[in-house]
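In this document, chain identifiers A, B, C and D correspond to the written order of the chains, with residue numbering beginning at 1 in each.
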Amino acid sequence: MAIEGSASETRERRIRLGMVGGGSGAFIGAVHRIAARLDDHYELVAGALSSSPEKAEQSARELGLDPSRSYGSFKEMAIREAKLKNGIEAVAIVTPNHVHYEAAKEFLKRGIHVICDKPLTSTLPDARKLKKLAEESDALFVLTHNYTGYPMVRQAREMVANGELGTIRLVQMEYPQDWLTEDIESSGQKQAAWRTDPSKSGAGGSTGDIGTHAYNLGCFVSGLELEELSADLDSFVPGRKLDDNAHVMMRFKEKDGARAKGMLWCSQVAPGHENGLKVRVYGTKGGLEWVQADPNYLWYTPFGEPKRLITRNGAGSGAAAARVSRVPSGHPEGYLEGFANIYSEAARAIYAKRNGAKADPAIVYPTVDDGLKGMLFVDACVQSSKKNGAWVKV
Amino acid sequence: MAIEGSASETRERRIRLGMVGGGSGAFIGAVHRIAARLDDHYELVAGALSSSPEKAEQSARELGLDPSRSYGSFKEMAIREAKLKNGIEAVAIVTPNHVHYEAAKEFLKRGIHVICDKPLTSTLPDARKLKKLAEESDALFVLTHNYTGYPMVRQAREMVANGELGTIRLVQMEYPQDWLTEDIESSGQKQAAWRTDPSKSGAGGSTGDIGTHAYNLGCFVSGLELEELSADLDSFVPGRKLDDNAHVMMRFKEKDGARAKGMLWCSQVAPGHENGLKVRVYGTKGGLEWVQADPNYLWYTPFGEPKRLITRNGAGSGAAAARVSRVPSGHPEGYLEGFANIYSEAARAIYAKRNGAKADPAIVYPTVDDGLKGMLFVDACVQSSKKNGAWVKV
Amino acid sequence: MAIEGSASETRERRIRLGMVGGGSGAFIGAVHRIAARLDDHYELVAGALSSSPEKAEQSARELGLDPSRSYGSFKEMAIREAKLKNGIEAVAIVTPNHVHYEAAKEFLKRGIHVICDKPLTSTLPDARKLKKLAEESDALFVLTHNYTGYPMVRQAREMVANGELGTIRLVQMEYPQDWLTEDIESSGQKQAAWRTDPSKSGAGGSTGDIGTHAYNLGCFVSGLELEELSADLDSFVPGRKLDDNAHVMMRFKEKDGARAKGMLWCSQVAPGHENGLKVRVYGTKGGLEWVQADPNYLWYTPFGEPKRLITRNGAGSGAAAARVSRVPSGHPEGYLEGFANIYSEAARAIYAKRNGAKADPAIVYPTVDDGLKGMLFVDACVQSSKKNGAWVKV
Amino acid sequence: MAIEGSASETRERRIRLGMVGGGSGAFIGAVHRIAARLDDHYELVAGALSSSPEKAEQSARELGLDPSRSYGSFKEMAIREAKLKNGIEAVAIVTPNHVHYEAAKEFLKRGIHVICDKPLTSTLPDARKLKKLAEESDALFVLTHNYTGYPMVRQAREMVANGELGTIRLVQMEYPQDWLTEDIESSGQKQAAWRTDPSKSGAGGSTGDIGTHAYNLGCFVSGLELEELSADLDSFVPGRKLDDNAHVMMRFKEKDGARAKGMLWCSQVAPGHENGLKVRVYGTKGGLEWVQADPNYLWYTPFGEPKRLITRNGAGSGAAAARVSRVPSGHPEGYLEGFANIYSEAARAIYAKRNGAKADPAIVYPTVDDGLKGMLFVDACVQSSKKNGAWVKV
């Protein structure tokens, strides 16, 4: 059951990491910290953990940071750390969306690698500017579209790329949740409050928060690019300012002489779904299905043969999955491991940078391009819905 | 484990049944015969089983029909049987779609009850005419939208009607299959040949053959009526004349002060799906999911509580399911039982007619209205797709 | 989707059938009638439906029997029907267990085929006598170990017989239910009352009622014969006279130079299990799993390859399953269809008898031998448990 | 979706950890390191990573250990580290079983906490001596029966303890795997070689390697203690020295006036099972089922109600699961998180020791007692099997 060459063991000095946002009680900050730690590639050494000074300080203390490296603002952190001999080499940005752009800018321009939560920014203009900045910077920009870190998502992508599904015809994506079924933003639920607030989240509600994940995943696995979409967005909960449900039809760009179609459904008002991300891809030779809640399984049907259950690191599971797996088949890996894979892929790229080496082409992580695509997706959804579902190019 | 008052036992003299179509080797003809027989409400006594006289005769012999009641045409059968003292009381029409209208007309106008396979007709004008005929006739017209016969579909409908889901917001329907992934109509597969031929099937391919089932089921369970739709249809297999995939967005008519939305995906080119009909309904208080391939289960989540698995005749399964069930929970019933439920519901209505009694309001079966709605759905899909997905009223 | 040569169409004059037991309200009687009717091989023409004359008469009326062929006792029916020109050719015996032997005897000795519910009898001596009678009679004796009628059970058996699993090492059987979790026999539940009464059921409770099914299925699929067993039986519900749970370890007879082992668990006090019959077989080359509640699926893992889901009539499903299937893959068949397969296999054997022909070797149904084996299994369980789990030969 | 009071954040100075065994390429060593790191409670600072000096040195280098704290033997490490001012406070022992006792002894007697892989030792006398040592030591002894770290296992235990299942009647355990289906130990597979070698593994093969896990889990969840067992062990693969399959019947000690029964099946020759640990518990009021491969789900059926799917941190999931969870429901946690929970529970107990405080009674981890029970279980299995399945007290 030994896994040779497992990705879990550091071979290099750990990367010094800072964090923006993620103070005590923040869900995604804790996730980023575990993800950074899991494979031992990072060491958290600095933070601007909250916009509230008291909370920042308290959070830093709880995390065992050197008090001198707990900052009152991301800007201060960027300036100071850039000057330190052993300053941070990378920063994780885990704030609400509207802070992403300003924060990333400060670090990118100082050559500090950025690992940023998604969506990329809260506005499309910010996203375009950030893309430009990232391209001009020598530092890496990594977006935590974490679901692409799941081994069986990598397996699916590899199978499509290898032609095992033939020419792709259909990409069906869905991401239903139920936590916003009722108006909890009005009663003080913090996560709900900022995620349903256009000034913090941007133009998309469910489309931005989860639709982008589903869209990113569909493209990641299928290798296709979207051409245009038609969307019907709703805010089912009275008074809600952003969409809480989206129905989207998609047309992909031509590839291999064929034009695939797709559908995407994202919802935060679908009782019974905790976090129901699912992607299905169908081609001329076979079909695939992957469900986030059961991430170690990939259902694969070669057309005309029985359906097969491929398990992470099990029979039929290939190199792309193995390099981001830690334990043998039958020992489930989960959300944190998938998230950690993004961090560890980034680490491998950062090591290469450190060493002036070319990054291994097998390294895969979401980039600023993926982030911009997500923003364009949200924008197109909103535009199309305003135009009563007219097809909008992305 | 005894089921009191089970629906499975006849209490009346069996109904004399004729059949149009359904000669040897026809899949759906055999299904109708089993469905008619299962609960012992019918006796097959006459047939116009094939347009080929030899095949009609041979099929009649195989089925043990009296040779004098094996007819060369449905018209001949209608005329003769109507005059017989013990002539047929009902007829099953199981031909390709383009024959439905002409055949149904002959029987309806002679007061013979019609049980007709779906879709209603191959053209919309025929459908409208048939609706008129059915309304004018004293005879019953029953459409075998068989999936509404499944007990747990009835259970789902009952739960929605009882308000257990609150106000409905979303109806997500899908019906993927894979049997037309390749161009088998060109190589002589008979089922594929007529189903992909506009002159026999009508304007819809997958939309007519299976999309109508999904649409009918979504409306049946949710109790909603469609207002308009936007569709994107494809014929992925080169040379195919009818759609083999459809993506549809839906807006339902206002009900309880709210307007639900929906999506429907039907496909015959999705490898890995044999007969993947699924319907999911979400309201303000809960969600439901039913999958045809596992028909004895209904997944129900009251918002904020754990998901529950309701099984046919098991705990939590109510009266609507029980009256169309035969065996205890844990003893699966299937497709034929569901199909038979349509026949048996029809029989109960026919018994009432015989007795000059009012039919029990608990009796439910698909009518000519459902058939016309299906035709309008197909027509709207085709129109919308031609207009690049414009919203079309139904 | 057409199934050529489907088993569902009668080619012969229907078999005249009588029934012993199965009056109104009896679960298993209704099941037998549907099973007989489903494929149109039988016509119910006579009955001794209840030991109560009024109930017998009323039941006969409800079923539409000619009153002159509704009898007060099975003996009267056997005597009279044997003399009629168009008397019954076969009889279904669906009484509680203790009546099986006496009833079967009367028909077998008059050359009337017997289709008998399981277990074979209520006592082992009766079972041995019945076996002798059945062997001496020219009539067929068919035992409705109905679970062997499921197509995917046939598929599993065929795969094992073809060597696809290699040499069998393990047969794991289980059959948990929960309906006797509480003492419902004391409060008048009729099914519970006779099934927990040794004078009607025999020496085994759960072992006889459901353990025999699991045991029969394990042997049927694996092709193995039991050599000895060690059992630990319990009556968890205070006051219950027969076992309601059994743990059994098994050693099979040597085959192919190897000795397989097995375990069997049957229980009627396991909350959450409605009818949880499951069988798993493992060999040197692969493993199989079949679950009664989802009977259209067979899980097959060739060792070292991904697990495969074989569906009834789908890809990978072979001849043994196809000949007892009616509808295409994706259209689930259930308990009644599996039960009907026993009746229809019997019908094919009876047709051969009628015609003086040799029965097709592909015809498979449970025999008096299977019934005796079941009785010996129950007896061995009871003996072993009394001896504190000592190994007992069967 | 924020989880208040999540267990994932360190509040104390990290515990200095050493490791015995676990050099490069060892599966379980890497697992322990991740588990120690995940919640940031430990810092790996010393190691005796291999009995081969070169491999030890190389492994230490790869893990970034200070070379002066990479030792040639565990004894050397224990002696030296005990004298260092900042020497290790705890040690992880991850060698093959026969080394556990000697290694643990050296650390325990120097007051260094021991976190030891299971089974406890390779011989029963060693196990008894180790229990004595652990009891005499002020240091903690923690056994990584890691499956008890899964949140939904904790949930199950809590529900049983709260009486939600009523009086327990049945505990059904199974742990099938397939990786030893063929004789891979002869062809140099290292994991297989030592695990099938009595001198390294002890008297039990599958019973020791995985049966102990299933047994531990059954007792952990049910709260019951075993009284006696009857076992039938096999070595199906020719030439194999230890059991590769075990069938076990169990009788538990009386509790609440009732005596529960159980079955346990463990196998390493069951094709199709990667790591199929499953436990089911049934009481007078309900039943539970948990499957390791899908660890975020717990199936719960209150008798007479629909089955419920309780998800980790979802509706119906309580305090015991929440305190060892990191992320919201719908975001799966896996094997490493469960394993880390053992480490983190140990850390909380070590913090209490440090602070001279009483450990929070909510802290739960497997102890030397559990380890000895596992050894007694293996011994009883072997003894019973030698005596042809006679009941053996444990």
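The rule we apply is simple: a residue touches a chain if its C-beta (ideal position, glycine included) is under 8 Å from a C-beta of that chain, and two chains touch if they have at least 3 such contacts.
Going by UniProt, the chains are A, B, C, D = Gfo/Idh/MocA family oxidoreductase.
Note that the structure is predicted; figures quoted are calculated from it, not measured.
Engineer: Could you figure out which pair among A-C, B-C or A-B mirrors the A-D interface, over half of its contact pairs being identical by residue number?
Structural biologist: Looking at which residue pairs coincide with A-D, the repeat is B-C.
Engineer: Pick out whichever of the two, C-D or B-D, is joined by more C-beta pairs in contact.
Structural biologist: If we tally the contacting C-beta pairs, C-D comes out ahead.
Engineer: Averaging over Cα atoms per chain, report the distance between chain B and chain C in Å.
Structural biologist: 34
Engineer: Taking each chain's centre as the mean position of its Cα atoms, how many Å separate chain C from chain D?
Structural biologist: 43
Engineer: Averaged over CA atoms, how far is the centre of chain B from the centre of chain D? Could you give it in whole Å?
Structural biologist: The separation of the two C-alpha centroids amounts to 55 Å.
Engineer: Out of chain C, which residues touch more than one other chain, so two or more?
Structural biologist: Within chain C, residues 273, 300, 307, 311, 314 contact more than one other chain.
Engineer: Quick check: in the complex, which residue numbers of chain B touch chain A?
Structural biologist: That would be residues 165, 169-170, 172, 178, 181-182, 230, 232, 234, 236, 245, 247, 249, 251, 258, 261-263, 265, 267, 269-273, 280, 282-289, 299-303, 307, 388-389, 391 of chain B.
Engineer: Please give the residue numbers of chain B that touch chain C in the complex, ascending.
Structural biologist: These residues of chain B touch chain C: 1-4, 6, 8-11, 13-14, 24-27, 30-31, 33-34, 37-40, 62-64, 177, 179, 190-191, 273-276, 292-296, 311, 314, 326-337.
Engineer: Taking the touch rule as given, give the residues of chain C at its contact with chain A in the complex, in rising order.
Structural biologist: Result: residues 300, 304-311, 314-316 of chain C touch chain A.
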